[in-house]
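See below for the structure under consideration.
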Amino acid sequence: MKILVVNPNSTRSMTEKIGASAAAVAAQGTEVVAVNPEDAPKSIEGHYDEAMCLPGLLDEIRKGEAAGFQGYVVACFDDPGVGACREIARGPVVGICEAAMVTASMIATGFSVVTTLPRAIPMVEELALRYGMERRCRRVRAAEIPVLALEEPGGNARRKVRDEVLRAVAEDGSEAVILGCAGMADLTAWLSQETGVPVIDGVVAGVKLIEALVGAGLATSKAGAYATPLAK
Amino acid sequence: MKILVVNPNSTRSMTEKIGASAAAVAAQGTEVVAVNPEDAPKSIEGHYDEAMCLPGLLDEIRKGEAAGFQGYVVACFDDPGVGACREIARGPVVGICEAAMVTASMIATGFSVVTTLPRAIPMVEELALRYGMERRCRRVRAAEIPVLALEEPGGNARRKVRDEVLRAVAEDGSEAVILGCAGMADLTAWLSQETGVPVIDGVVAGVKLIEALVGAGLATSKAGAYATPLAK
Amino acid sequence: MKILVVNPNSTRSMTEKIGASAAAVAAQGTEVVAVNPEDAPKSIEGHYDEAMCLPGLLDEIRKGEAAGFQGYVVACFDDPGVGACREIARGPVVGICEAAMVTASMIATGFSVVTTLPRAIPMVEELALRYGMERRCRRVRAAEIPVLALEEPGGNARRKVRDEVLRAVAEDGSEAVILGCAGMADLTAWLSQETGVPVIDGVVAGVKLIEALVGAGLATSKAGAYATPLAK
Amino acid sequence: MKILVVNPNSTRSMTEKIGASAAAVAAQGTEVVAVNPEDAPKSIEGHYDEAMCLPGLLDEIRKGEAAGFQGYVVACFDDPGVGACREIARGPVVGICEAAMVTASMIATGFSVVTTLPRAIPMVEELALRYGMERRCRRVRAAEIPVLALEEPGGNARRKVRDEVLRAVAEDGSEAVILGCAGMADLTAWLSQETGVPVIDGVVAGVKLIEALVGAGLATSKAGAYATPLAK
Amino acid sequence: MKILVVNPNSTRSMTEKIGASAAAVAAQGTEVVAVNPEDAPKSIEGHYDEAMCLPGLLDEIRKGEAAGFQGYVVACFDDPGVGACREIARGPVVGICEAAMVTASMIATGFSVVTTLPRAIPMVEELALRYGMERRCRRVRAAEIPVLALEEPGGNARRKVRDEVLRAVAEDGSEAVILGCAGMADLTAWLSQETGVPVIDGVVAGVKLIEALVGAGLATSKAGAYATPLAK
Amino acid sequence: MKILVVNPNSTRSMTEKIGASAAAVAAQGTEVVAVNPEDAPKSIEGHYDEAMCLPGLLDEIRKGEAAGFQGYVVACFDDPGVGACREIARGPVVGICEAAMVTASMIATGFSVVTTLPRAIPMVEELALRYGMERRCRRVRAAEIPVLALEEPGGNARRKVRDEVLRAVAEDGSEAVILGCAGMADLTAWLSQETGVPVIDGVVAGVKLIEALVGAGLATSKAGAYATPLAK
């Protein structure tokens, strides 16, 4: 099975981290490739960045279709363009926010999300509502760090994330915590150890769920909202 | 007051119809300009089209900012890119779906939406949820016509829309009906007469609500999700 | 256009303040008149007061109809009797709570309400639910002041309101704040400056929305819940 | 225990029917008195009628307090003024819509309401939402009869109600049916026999629930929204 | 009228306390019997305990049917097996969580629940959702005491419960408080006095509501989800 | 990886069908075992049957833990006892209703469920609510066949299921259909072909999701509602 993970921003170091996370959990027989568009915002921190990443993201999906990929993970926690990707891909597509929330909902009655900047909080809350997770998602928290700070070695970004995860457990009564940025993918194991609750990375969740869907012989329904785009 | 109405698809005849609707209701002292990007899908009928119209839409907003417009209406019923527009515009921005639903909610306890194609139904339902209108919006109906059929003289598109509006009143118990496509803007008065209930066009609603916001001295809050995009 | 703003309590100083707020934002060509019934509670602070203000309020609407007003604002944040007013008025009617929430929802992803007394909190929460704003309304706060304290010069009521607005921004993550009492109408500009977020007065919002509805040629649907009262 | 049932309209024949229903189910030791204000609409069929019945209704509650009643039932399915009654009564107060829905929710997973006129449908749906019964209430139906037609001997009102109850069972999957008008109180037993599902009259439900609350030593909390009205 | 109260755990001292609470509020002519299965968990503190108590609980209901009981209260705040009991009993059945929430909703706009252990919080929240009380239930709190600690004389369990009730009033804005464990039944009167708000015990609420249902001639609908189990 | 699928009823032919479905989709390296308790209802058709299957189900989980299984699927569409299983299992546990709904939500904006008997409809609707799928689940339909009819060769059960699936597509606007009974597991491929939309079997979905969770290194959080049962 061939799965394409698309980081829709243009920061290659983040793509590599994402690819490593994905590869680490891929099943026997699954080939995971992680890519990013060249021409895209360096990070996605708001509605405008999200809109500007879409042409590049969709281009990667089209290339993926040509190359025979069977499923796709959109590796940005705002789940940008997932509907559009579903319209043009034959196989299933999932965003990492949806993947992480769906995963959390099967192992915990309630979870918190720890994201980067406060401006992302309403966006994640709206995604939770869209996915029916508005009750399970007990709180969306921001560690108050810009996305690219996660790429800087030696900074205090990791510590800030950990502190926020600990607060999520202590204050929100959450039984699991979701990392709300693809750039946090490498922190999962460490944070699970530090906190004693399952810490969920959307990239890992996304790859495993796409494996599950493809393995079940399922793909996006073309009988409605995700039908192939009409020719103009 | 200068208001820019952006039709995010590239069909000029639709822009003209939209512009005429807008001009017909503009208050004394309001100047309304209707534009569309050159490089955009001819119609927006799904998530993919929606994604592909965003660069052109945002470009028009940027040009509008340079030209000193004080408020914006995004004239596509999927409300594409409204969040992104809000981040880069100084004045208020509203999509025609949001505008029409908000308007309907003040004159009726329940309304139906009549859109073009069935594939749009789940998208409009999701917008209704986002705007808190999931209870007021009693049903989203499709007249089973492609968007551009509304531009063809002599077709039966108008009749199909009317029949669906009549069904909305008779079967859904709706007290008002919203036209779910900017291309239906010229049908409003005729449909109100035919059906006896208020029929709401989102372009009209959008222009009047932007006038209201600007007149109240209000603009998009920059204190959260709609803050100016971060420089990269 | 002639708009009638009815303060449903009998405190004339409040009516004057409301009238001044309304006049300050009325568009060119809009005539706004503010009235209050003689025989009504001095302030509306609970369900009982709300019930007791209704005969007087409805009387003012009937007089307004006779005088040819085209739209109405009910200037009490409990939105008392709005449904009844809609049944007897030809033009549109809006309460200032509904008006303020609808307005806030177009410029912010989340807002708080600052009202007077804690006993009003559940009433405002119920209105938010009725209007579909239960998710956008992040918190209803009480400044712990009786309504009429806002009319006393030299008191500390204004400071208490400001402090609560500041807490709304800091603690609730709200991007806008609504003033939950018509008696706070004169504080809007000052509070916006003090806090840096849009502060919304329902009287202003109500006048502008009624202008928008009338300007769009829309009135309350008579095809259902708001039909003209049946003769007995 | 003394319970006062207030029919808030002025139709004495309806008050008598209500009183008979109430008396038929009162427990040993419960004295039920049914009254109506003199000066009130003859029937309550909309928001305006509802508003106009309130002064008379509240007057009856005040008289009830003076006479030592321990609990109150407001016998109109719109539950008019219940909040105001709760503020001025020492004992518990319930409206017949709330009482019927609460009762139905304990014996059925879903119920329908059969009311008189279509214009009442949105009002009952809003009450269902207020009481948290929006999921349990599968549908509100109108038998298309004016309230006072229920008082006319020899009419076809009863048959129309029965037909609608049968449709509720067959089409809505409802396990119980609520009669949405105090004037239907005498039809309950007959309709239960005809349909094979529990048919619930709000007057009966209201009297039994007030007995339950008083018997449990419980009264309206005065610690919030239902506190005693403030002196002006 | 004969009502059976089943404590589904095997701790006899708790059954006695429950029986005393029930007897104290039973109406004239109501005979209340409290029982518990021999073979059941000593306390019910989680999903597993809940599952393991069901065979014994259902056995008590079957015995109750043979003995002619007309209604049943399931006296564990998780409301275990209530649906199953409804299928095999002729008369109405209510769990004490449902009974307490329904009762609270008629005397307060919002309430808190004080339960024993934090692990029960999500279970009670899910019940609130099932009963449509998710908005009225402002918060579920845990006093951090195991169920059986309530049976130990001289411990500090009572004080911990009282402190949590006080916090519910002060911090949650709750107008009433529900005791979320049948083992707290004897604390109700004391806690009401200490806090000044209605404190509701589910056993009391359950007995009074079953009296109400039986007195109204109502029983579980057999026309759907609660139909008699199919013979295999 | 070793996954145990427990059919909680005692009908061996159904267990075999379930085992075959599970085996057909198991990934390389996954060993799936399907079992059922000896002492359980022959089919689970209501709350009572559900309660009576729990001791046997939990016994199978305990045996599974002793045998080193890493994850569990509860193969009854009512998802009986999943919470209890989660408390006593080390690895993840999912019910087939939850699994199917979660799966459908990633490939379709809306789905219908086709179950066996009408009495199951409210139970499935309640599960949809619990899982946050109340908006995605457009309708629960019953094919009006008892569970065990699916085991009888030569009957018309299959045709009835197919007809209901076709109605779900045509009338509900559903983009995918879930089979609401483990006994329908063998019909999936045929129904997908007949209808042109994804048809989802919960057993398949459950096995693939448990593989995904185990593969991601995730297990039920023990930090809250699903903590290990307390020793008594």
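So that you can tell them apart, the chains are marked A, B, C, D, E and F in the order they are listed, and the count of residues begins at 1 in each.
Simple rule for what comes next: a residue touches a chain if its C-beta (ideal position, glycine included) is under 8 Å from a C-beta of that chain, and two chains touch if they have at least 3 such contacts.
Just so we're clear, the structure is a prediction, and the values are computed from it rather than from any experiment.
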Those chains which touch chain D and also touch chain B: C, F
Selected interface, A-F versus A-E, where C-beta contact pairs are more numerous: A-F
Inter-copy rotation, chain D to chain F, in degrees (Cα atoms; steps of 5): 120
Whole-Å gap separating chain B and chain F, where each centre is the average of the chain's CA atoms: 42
Distance from the mean Cα position of chain E to that of chain D, given in whole angstrom: 27
Sites on chain F at which at least two other chains make contact: 109-110, 118, 121-122, 126, 129, 134-135, 173, 175, 224-226
Topology of the chain contact graph, where touching chains are joined (line, ring, star, complete, other): other
Pairs of chains satisfying the touch condition: A-B, A-C, A-E, A-F, B-C, B-D, B-F, C-D, C-E, D-E, D-F, E-F
Contact set on chain F toward chain D in their complex: 118, 121-122, 126, 129, 134
Residue numbers on chain D that touch chain C, as the complex places them: 41-43, 45-52, 54-55, 58, 81, 83-84, 86-88, 118-123, 126, 129-130, 146, 224-227, 229-230, 232
Chain A to chain E touching residues, read off their complex: 109-110, 135, 173, 175
Contact set on chain F toward chain A in their complex: 25, 27-29, 92, 94, 98, 102-103, 105-110, 131-136, 169, 173, 175-176, 196-198, 200, 204-205, 208-209, 211-213, 215-221, 223-226
